[in-house]
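Working notes, beginning with the structure itself.
Chain nomenclature is as follows: A, B, C, D, E and F, assigned in order of appearance, with residue numbering initiated at 1 for each chain independently.
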Amino acid sequence: MATTKLGFIVQRPPYKSENPKLALTHAIASQSVEVYLNDGDIVTAEVAFIGDGVLNCLKDQKATEHYDISSTESHIKMSLLVDVKVFVCKEDLAKFGLTENDIVMDAEEFGADMTVSVVPFQEINKMMEDVNHLLFF
Amino acid sequence: MATTKLGFIVQRPPYKSENPKLALTHAIASQSVEVYLNDGDIVTAEVAFIGDGVLNCLKDQKATEHYDISSTESHIKMSLLVDVKVFVCKEDLAKFGLTENDIVMDAEEFGADMTVSVVPFQEINKMMEDVNHLLFF
Amino acid sequence: MKLAVFVSDFRNTVDTLDRLKPEKLGVILVGNGVYHAVIKENGAPSPVLKTSADFYALAEDLETRGINTANVKNNVKVISYGDIVDLIFNDYEKTAWL
Amino acid sequence: MKLAVFVSDFRNTVDTLDRLKPEKLGVILVGNGVYHAVIKENGAPSPVLKTSADFYALAEDLETRGINTANVKNNVKVISYGDIVDLIFNDYEKTAWL
Amino acid sequence: MGKLTIGCFSSLVGSMSLDFAVKLAAAAIDKGHKVDFWVSGNGTMLSIKDQRSFKDYSSLEKPLKELMAKGLNVTACEACAEARGYHKDITMEGFKRHSMDWYLASTFSADRVLHIGGE
Amino acid sequence: MGKLTIGCFSSLVGSMSLDFAVKLAAAAIDKGHKVDFWVSGNGTMLSIKDQRSFKDYSSLEKPLKELMAKGLNVTACEACAEARGYHKDITMEGFKRHSMDWYLASTFSADRVLHIGGE
């Protein structure tokens, strides 16, 4: 019975590369990892958006309409739905003049209880200390 | 009987992406383009290294020894061998504290007559004016 | 030379845009380049917009990223793919994708 | 936390390195990141080297790019792939590829 | 009406450069222009047939086939494709493969060239 | 001796990230460590068999096979591969394909994880 904690740090904007989306899909995969492990062993994933990475969180992304692909917005909602913790750096949002009104904060329409936490970078640093392994995207 | 002139501008360092090398291989391909064209019609290619792109020109690249791939250095020599004009921006070399001693200047060992021209950016601007189409790498 | 420059990145890794001095310059913001049209950092608009040029931003790429085209800066014209075709055929002679 | 950070680009598009404050920080320059170990711009060494950290640069990647390992700055240790393995297993607990 | 030659050297699925190139080609053809489309480097990924369409990834096989039916001329760099293991048998029907001189020859008669390099 | 899990998400031929990852895996195995190697996104390009070896492009099939013989455990993200048209029949022998949870499971028992994301 052990837990391995992973910290996913997204530092780049969406769509230039698919990596921000892969960060979220891999984090979501923490839900099905038990099939490979012994009873009671788990892997947990937390995701933090920092720097230009906070641009992944903008609302109303029309990626499906224009390019027929899912948006990073929809992936953030999926992450919340499976109870992945999602952090967004407060200072970086402020730097871009963005507020909680501009970004995805919940996935209520899918029945998710989890919401996005806008936190100071210091708390993200604490999360990085706390996890067993870091994955920077 | 007409000539189309192409200007290849390399602005990024080697090895992160293969684009600088592709610039040179495509420029070299100007030598065999006649098979597709009418008699007397030709396409010429000139290559200019600017900004971080001048780092492609450093001598003694050991890419074959360490990674079993050809170096951009060897591609510059091949370009000279088939008489492609190669320019290197003087100001950008100076910015990095590099001199003609640090970079590939000729391909004498292969019998090439053409040499690399280290020129002020202004002359590269003139080349850009002069060509029919620009290809930035 | 009349030159249409495409900027597709938010963080430019090349400084070429500042050095080009064509007679007429158009800057077409596409892909993640569209962030330059709207995102301020610490209150300041993108330095890209300081270039002496005509600015365009692709509507599809703004909206894909969750940016309302109404929020784009005044000196940037929001355009479509069809407009890009017309621009490069009618208003400019050469293109450069930085 | 003892953190080994890999820098693989010459032009960083992220500012994360400046913000990390681990108890012990190692910066391993690989790929085009090795330019930081030697290239001066307008006489000034790379700002990456100003970070408070231990610096390492991969010999193979320096030489691939035509850089003589003797020219690397004093505070950067030239290492091999094997050394990287030992560093991340013995000297650091976590890694971050920026 | 003119001729536009597009060269795309970036990687597919994930980067949006090929999506951009295909949409621009479509817009140019709609306006009556002739379009030559060259892919090199990682861009040769576009030439593989039967890419499975997932909602997470852009899938360009369908729009590309429609454009080919409307006259789009599309060619992959043969060496770049072979080096990646993209052999003839997994290449989309109608997608040509040539050496790099094809791209240069296409620019000869082109009114405009858009070369998409970058990273 | 420990276990190292490497994840590589970058594109092959051209970018040197996969070359780096393969060489690091080799160095770790030489020192007696166990290595799991996961490729996702454009990194799945590594899994294709019969990539033609040109001197311009790095060719990793041979070193990879040698490492597999020495116990390297290498797996590609199945969805990322399928989305690119890299189907089972063109996958290198011994190269596994799984869903993303394989990578996370590998980190469970890993002493060190090197996740190569970037651009």
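One rule holds for everything that comes next: a contact is a pair of C-beta atoms (placed from the backbone, for glycine too) under 8 Å apart; a residue touches a chain by one contact, two chains touch by 3 or more.
Keep in mind it's a predicted model, so treat the numbers as computed, not measured.
Engineer: Going by the touch criterion stated earlier, list every chain that contacts chain C and also contacts chain D.
Structural biologist: Chains touching both chain C and chain D: A, B.
Engineer: Same or different for chain E and chain F, where same means more than half of the interface numbers show up on both copies?
Structural biologist: Same, since over half the interface numbering is common to both chains.
Engineer: Can you check which chain pair, B-E or A-D, has more C-beta pairs in contact?
Structural biologist: Top pair by contacting C-beta pairs is B-E.
Engineer: Taking each chain's centre as the mean of its Cα atoms, which chain lies farthest from chain E?
Structural biologist: Centre of mass proxy via C-alpha means gives D as farthest from chain E.
Engineer: Per the centroid of Cα atoms for each chain, what is the distance between chain A and chain C, given in Å?
Structural biologist: Here the centre of chain C sits 29 Å away from the centre of chain A.
Engineer: Quick check: how many Å separate the C-alpha centres of chain A and chain F?
Structural biologist: 25
Engineer: In whole angstrom, what separates the CA-based centres of chain B and chain F?
Structural biologist: Measuring from centre to centre gives 33 Å for this pair.
Engineer: What are the residues of chain B that contact at least two other chains?
Structural biologist: 12, 15-19, 25, 52, 67, 132-134, 136
Engineer: Which residues does chain C have that touch at least 2 chains other than itself?
Structural biologist: Expected reply: 8-9, 11, 13, 31, 60-61, 94-95, 97-98.
Engineer: Show the residues in chain E shared as contacts by 2 or more other chains, in ascending order.
Structural biologist: Residues 13-14, 16, 41-42, 56-57, 59, 80, 112-113, 115, 117-119.
Engineer: What's the complete list of touching chain pairs for this entry?
Structural biologist: Touching chain pairs, listed by label, come out as A-C, A-D, A-E, A-F, B-C, B-D, B-E, B-F, C-D, C-E, D-F, E-F.
Engineer: Chain F touches which residues of chain D in the complex?
Structural biologist: Touching chain F: residues 6, 8-9, 13, 30-31, 60-61, 80-82, 84-86, 88-89, 94-95, 97-98 of chain D.
Engineer: With touch defined as at the start, can you tell me which chain E residues reach chain B in the complex?
Structural biologist: 7, 9, 40-42, 80, 99-105, 107-108, 110, 112-113, 115, 117-119
Engineer: Please name which positions on chain D make contact with chain A in the complex.
Structural biologist: Those in contact with chain A are residues 1, 3, 13-16, 19-22, 94-98.
Engineer: If we count contacts the way the header does, which residues on chain D are in touch with chain B in the complex?
Structural biologist: These residues of chain D touch chain B: 8-11, 31-32, 35, 39-43, 60-61, 63-68.
Engineer: In their complex, what parts of chain F are in touch with chain D?
Structural biologist: Counting only chain F, the residues touching chain D are 2, 4, 16-17, 20, 23-24, 26-28, 30-31, 33, 111-119.
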